[in-house]
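Next come two complexes, and both contain chain A; in the first it sits with chain B, in the second with chain C.
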Partner chain A sequence: MARNIRVNVEYLTRVEGHGNIVVNVKDGKLEQCELDIIESPRFFEGMIRGRSIFEAQHITCRICGICSCGHTLASIQAAENAIGFKPSRQTQELRKLLLHMEELDSHILHIYLLVAPDLLGVKSFVPLISSHNEVVRRALRMKKMCNDICDILVGRHVHPISSIVGGFTKLPEEKDLDAILEILFKLQADMEPTIALAATLKFPEFERDTEYIALVNDGNEYPLLEGDIGSTDGLRVKKENYKGVTNEFIVPHSSAKHTRASRESYMVGALARFNLNYDKLHPKAQKVAEHIGMKPKVKNPYLNTAAQLVECVHCLEDAIRILKEFKETGIRQEEAVIVGLNEKGTIPVRAGRGVGAVEVPRGILFHDYEVDEKGKIVNANCIIPTGQNLNNIEHDMRKMVPEILEQSDEAITLRLEMLVRAYDPCISCSAHFLNVKFVNR
Partner chain B sequence: MSNLLTAEVSDALKPSSGSGLILTAGNPFRRDDGVGPYIASRLQGSSAKIIDAGLTPENIIDEVIGLKPDRMTVIDAADFGGYPGEVKVIPEDLIAETSLSTHEIPMNVITKIISDGTQAEVVFIGIQPQTVALGEGLSERVQASAEAIIQTVLQAYSKPR
Partner chain C sequence: MAKTRVAFFDFACCEGCQLQVANMGELLLDVLGAVELVEFREVMSERGGDYDVAVIEGSITTTHDVERIKAIRKKAKVLITYGSCATIGGINGMKNNFELGDIRKYVYGDKANYFDTIPTRPVHQVVPVDYVVNGCPVYLPEFVKVLKCALAGIPYKVPDYAVCVECKLNENECMYDKKITCLGPVTKAGCNSWCINHNNICYGCRGMVSNPAVNGAKDILEKYKIPLDWVENKMNMYNKPRELEGTEPDGKKHTS
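Now for the complex of A and B:
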């Protein structure tokens, strides 16, 4: 018999920020299926107009407490592109290390604290504190280790201080490299049981073919910090032309804009990167993917979490590589730069436009600045990964709901919530977002 | 005993029979939210074992568990609808369960991890803020309550145990 279903989740938990899921099925026909984003816009782009590009990263990193390093790096990249500054190899390697720690930190918390409870059949990670105390402590211990490395590298756990346009105000000394490497080896020890645990988790079965978008390059490196924009549909454009990829548009039920590229929607994030750049993952990360049965092209969005696990291994191993290389070559301390607001003209400035495109934990992040001849920002645009995924989540929901109509309202609600959580959305960052409203089925 | 503090609060600030510790948390750049770190800074060097978790209480879990406390007294700004500067012992089940995300882990979740790992008794002392606006320095009433707590702890820990 055709059913009427009303799902109305007016506060989705275990995501960052606020959003609602609304599903309305009438006489067995899907009439409404929306992800309402109800966060207020943040106006960061307006805030940095008239400010110096040399302070923009300190402001824009406040868009997000988890992706603060990613925003810092995208902001710096946009600024350096705008004024024509080319960072040194040492600077880029240290920036990659910083980004690796952020990916690892964010992915670990998402896998352990936000997704694992669903897969272990509990409402939140709080019951796991008693049933899996060591597991919860391991998750938080790994998070702390990533934070501690950031502290050593850029002066703070979050919101980097020493990472600036031009390089770093303070560079790690020999003892700092030793301290970071020691922490990385401890992380390596905690990664083994993490992989073992994740391999036991059973993800829901669902597939929808979509376009996956991430940074790509022609080299051998898994691109996180640099590259062109590429897609599984064959798109490849320079980052400066990102607007031709994102094609933002407004929908009435969301304070965050939606995006689409070659087809109705696209996905960014760990699964997109995995699908596009699998061959460039560290061999140990590829081995983990094989162990859990993943091979591109993976079309199950729930496996974004599994792709995050694979990336954890990659980021950790590549971080160790970077550290070992620095141990051999040493750090060129003379590259430290004190720029301030560039009052002394330490870095030559010119008018221009620059785009930063960085793969942060939830996907590709764009910062686009136009600066005047004094280095003041006259125009800015930031496009956050969660915003790019919203349209794709809705299309997933529209395909999935008719496939699971025979299930109870509770089961449908849970599957929808798990779907949204699999994308690891950062809603307040995108509003530029979770509650589920079933309206009739 | 300060008349700003109830007998219940003063008792909660006394040393435990074993290895008790005081845990504070908060943001010194959000005015009265910084009352915990302020108290911690003033108690450094005293015989009270005190750890300030600042903005990342999840990062002190292993350190605290390693200390094997039998009691953990948490001091934090808390909006319980009292008058500014009011100090109260707050039952654990009344600590708000804020939405858990990768961005924020509620304090009662942190203390549960610690108490499950150590069997420590947990006592929450909340101080009602007047303002948590951006800025430094405590409001007058919250400052007075902080001083009362500091003096009570110093006195309690100066006595032979």
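Now for the complex of A and C:
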């Protein structure tokens, strides 16, 4: 069937940041299929030069409000590697707890407020306030609970205050641990109906085999904070060599920088982690996966949202484990770090380079800093998950559009929007590291 | 009575202040019940025509931004800016510490010309602003207070005294007594000394008080032997665009 279709979704909604989808079908042939990034560049890597490595996290966490804790943790890891500082076990466990809250908070926002409206056939969560009031209330309540835990742990969820290079400026006390644990149990109660709801949602059917990339390790822990870079195509490299995985390149049809590893494109995020590390998920999370009929390797990108649900259960259960351990061992308050001492050079620094690789909600995030002997940042580079997924999204769109050509323009547009949303793209983040194409309109 | 139509817009920012609003939890439903939300791109696909109140997040960093904010100002009866990026330029202003061509080239190489970029400005340097909510991110209780004032049509006055006032009430140990540089003494209060309560320093994200106690600050720096450039260096994190005050993006003098 020869048909012309022109899809131009300007200012894609219900995603973080600004992006356009451009699809052009002429005489039944796909001529153009792009996801354009139109966010204003903010030049983080440029403007951080000359700042102290101890300020890096404060500045770069402001790349993104949603992924702020994730950026914080990747930034700190890179900084500590660069200056040769090794964090204590207590610090690492608290950081894992923070990361769990970040994943939970972000996934809940995505599942309930950004994706569910599509699956329930409405434009946003606002109409759901009257039609599905209890669902909206639960979503907002769960989000708030994650935030309340972050408030206790690091002062706030958006741009955490007390998590810095070296550890935490303020550590939770006994009563704080109790408060966090109580909230976690309440979250557990709300997780049940969340799973039940998700099991009723119908995701579009579509498959494309691709390479999935995430942190991997040899231990038993589902790797989020520490590990090597691994892939379903058998890749395994140290995080310092991330550039050999991301291979940023420029494509002729778009000036947005794309990435590829072993084949034409790869995917990062909850689905990639699920496909690579399913065996290490908490048994309860695995049961949820079974319940909704997911088993690695899942090749339907729409199911990234379902993988997020599975991860919600994992993160919640592992957070409870961390809390229970701290309740046993107690928190060593003497490990609290004092901010600002670096100004006088109290914490030894050295010239060097450090890389942070952390699994944030949308996938693997890299921060890379080079510092001089005084701890001043000489070079900085960040590669964010959404940037890595852009190429994969476009390959999905190219396979999918010919398969659904018989559908109406509106239906095709919705399917494409839903595809982009399934990846939970964070364009605020990506714009700082991507070349932007300005479409001639 | 018809509900007030409210629209949220974002410019160059991290969208963290929108998220703060979404983080209100169920209180958000009360706020939504009091207004008619006509545009909020991050969480809504609906887009709609006219609005009475425009709530602006983010800095003005491109010529396109300048045109867009002017158009919004024309339509809105009331314009609220919220978050440091919109109110003082914020972290985006660190770009102004560098020569524009140099920083473009560093980040985007030979593709630098793809990008329309101008020195970072807070919104009030481009169009008149009726209400401001400072902070990176905004402090929710203050945001709600300002929104209420805006809806009721009564003025809201941002405290013009230092963060130190709130910090003392919270009985925090002074950072300077720990020999640590802190911008609390020159920064507008209203955040309940959020960062210092968590043993971090004040980074000045709420902007400077209009009449800082310069001599007192000098005495403190002298007493603890803290060089002035450490303070200036910190000021240039959030407050760099203050240097553009009184000028317009096209280089002319500000008239309003």
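Keep in mind that, in the parts below, the second predicted complex is superposed on the first by the 421 of 441 C-alpha atoms of A that agree within 3 Å, B and C clash if a C-alpha of one lies under 4 Å from a C-alpha of the other, contacts with A are read in each partner's own complex, and residues count from 1 in each chain.
Criterion: contacts are C-beta pairs under 8 Å (C-beta built on N, C-alpha and C of every residue); 3 or more make two chains touch, one makes a residue touch a chain.
A quick note: this is a predicted structure, and the numbers were derived from the prediction, not measured.
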Following the overlay on chain A, give me a clash-or-fit verdict for chain B and chain C.
-> clash
Look at A:Leu114 in the shared chain and tell me whether it touches chain B only, chain C only, both, or neither; answer first, second, both or neither.
-> both
First (chain B), second (chain C), both or neither: which does A:Ile129 touch?
-> both
First (chain B), second (chain C), both or neither: which does A:Ile66 touch?
-> both
Name the contact category of A:Ser162: first (chain B only), second (chain C only), both, or neither.
-> second
For A:Asp424, is the partner it touches chain B (first), chain C (second), both, or none of the two (neither)?
-> first
Which partner, once the models are overlaid, touches more of chain A's residues, chain C or chain B?
-> C
Scan A:Arg141 for contacts with chain B and chain C and give back first, second, both or neither.
-> both
Can you tell which stretch of chain C collides with chain B among 56-64, 92-100, 110-118 or 146-154?
-> 146-154
Mind sorting out which residues of chain A both chain B and chain C touch, each in its own complex?
-> 11, 13-17, 64-66, 109, 113-114, 124-126, 129, 136-137, 140-141, 143-144, 147, 157
Contacting residues of chain C [partner chain A, same complex] | 11-20, 22-26, 28-29, 32, 37, 41-47, 61-62, 65, 90-92, 94-95, 97-98, 102-104, 106-108, 111, 114-115, 117, 136-137, 175, 178-182, 194-195, 197-201, 203, 230, 237
Per the touch rule above, chain A residues touching chain C in the complex are 11, 13-17, 39-43, 45-50, 55, 58-59, 62-66, 68, 109, 113-114, 117, 123-126, 129, 136-137, 140-141, 143-144, 147, 154-159, 161-162, 164, 169-170, 255, 336, 338-341, 343-344, 428, 432, 435-438
Which residues of chain B touch chain A in the complex?
-> 56, 58-59, 61-62, 65, 99-103, 105, 109, 112-113, 116-117
Parts of chain A lying in touch with chain B, wherever the complex brings them together | 11, 13-17, 64-66, 106, 109-110, 113-114, 124-126, 129-130, 133, 136-137, 140-141, 143-144, 147, 157, 424, 426
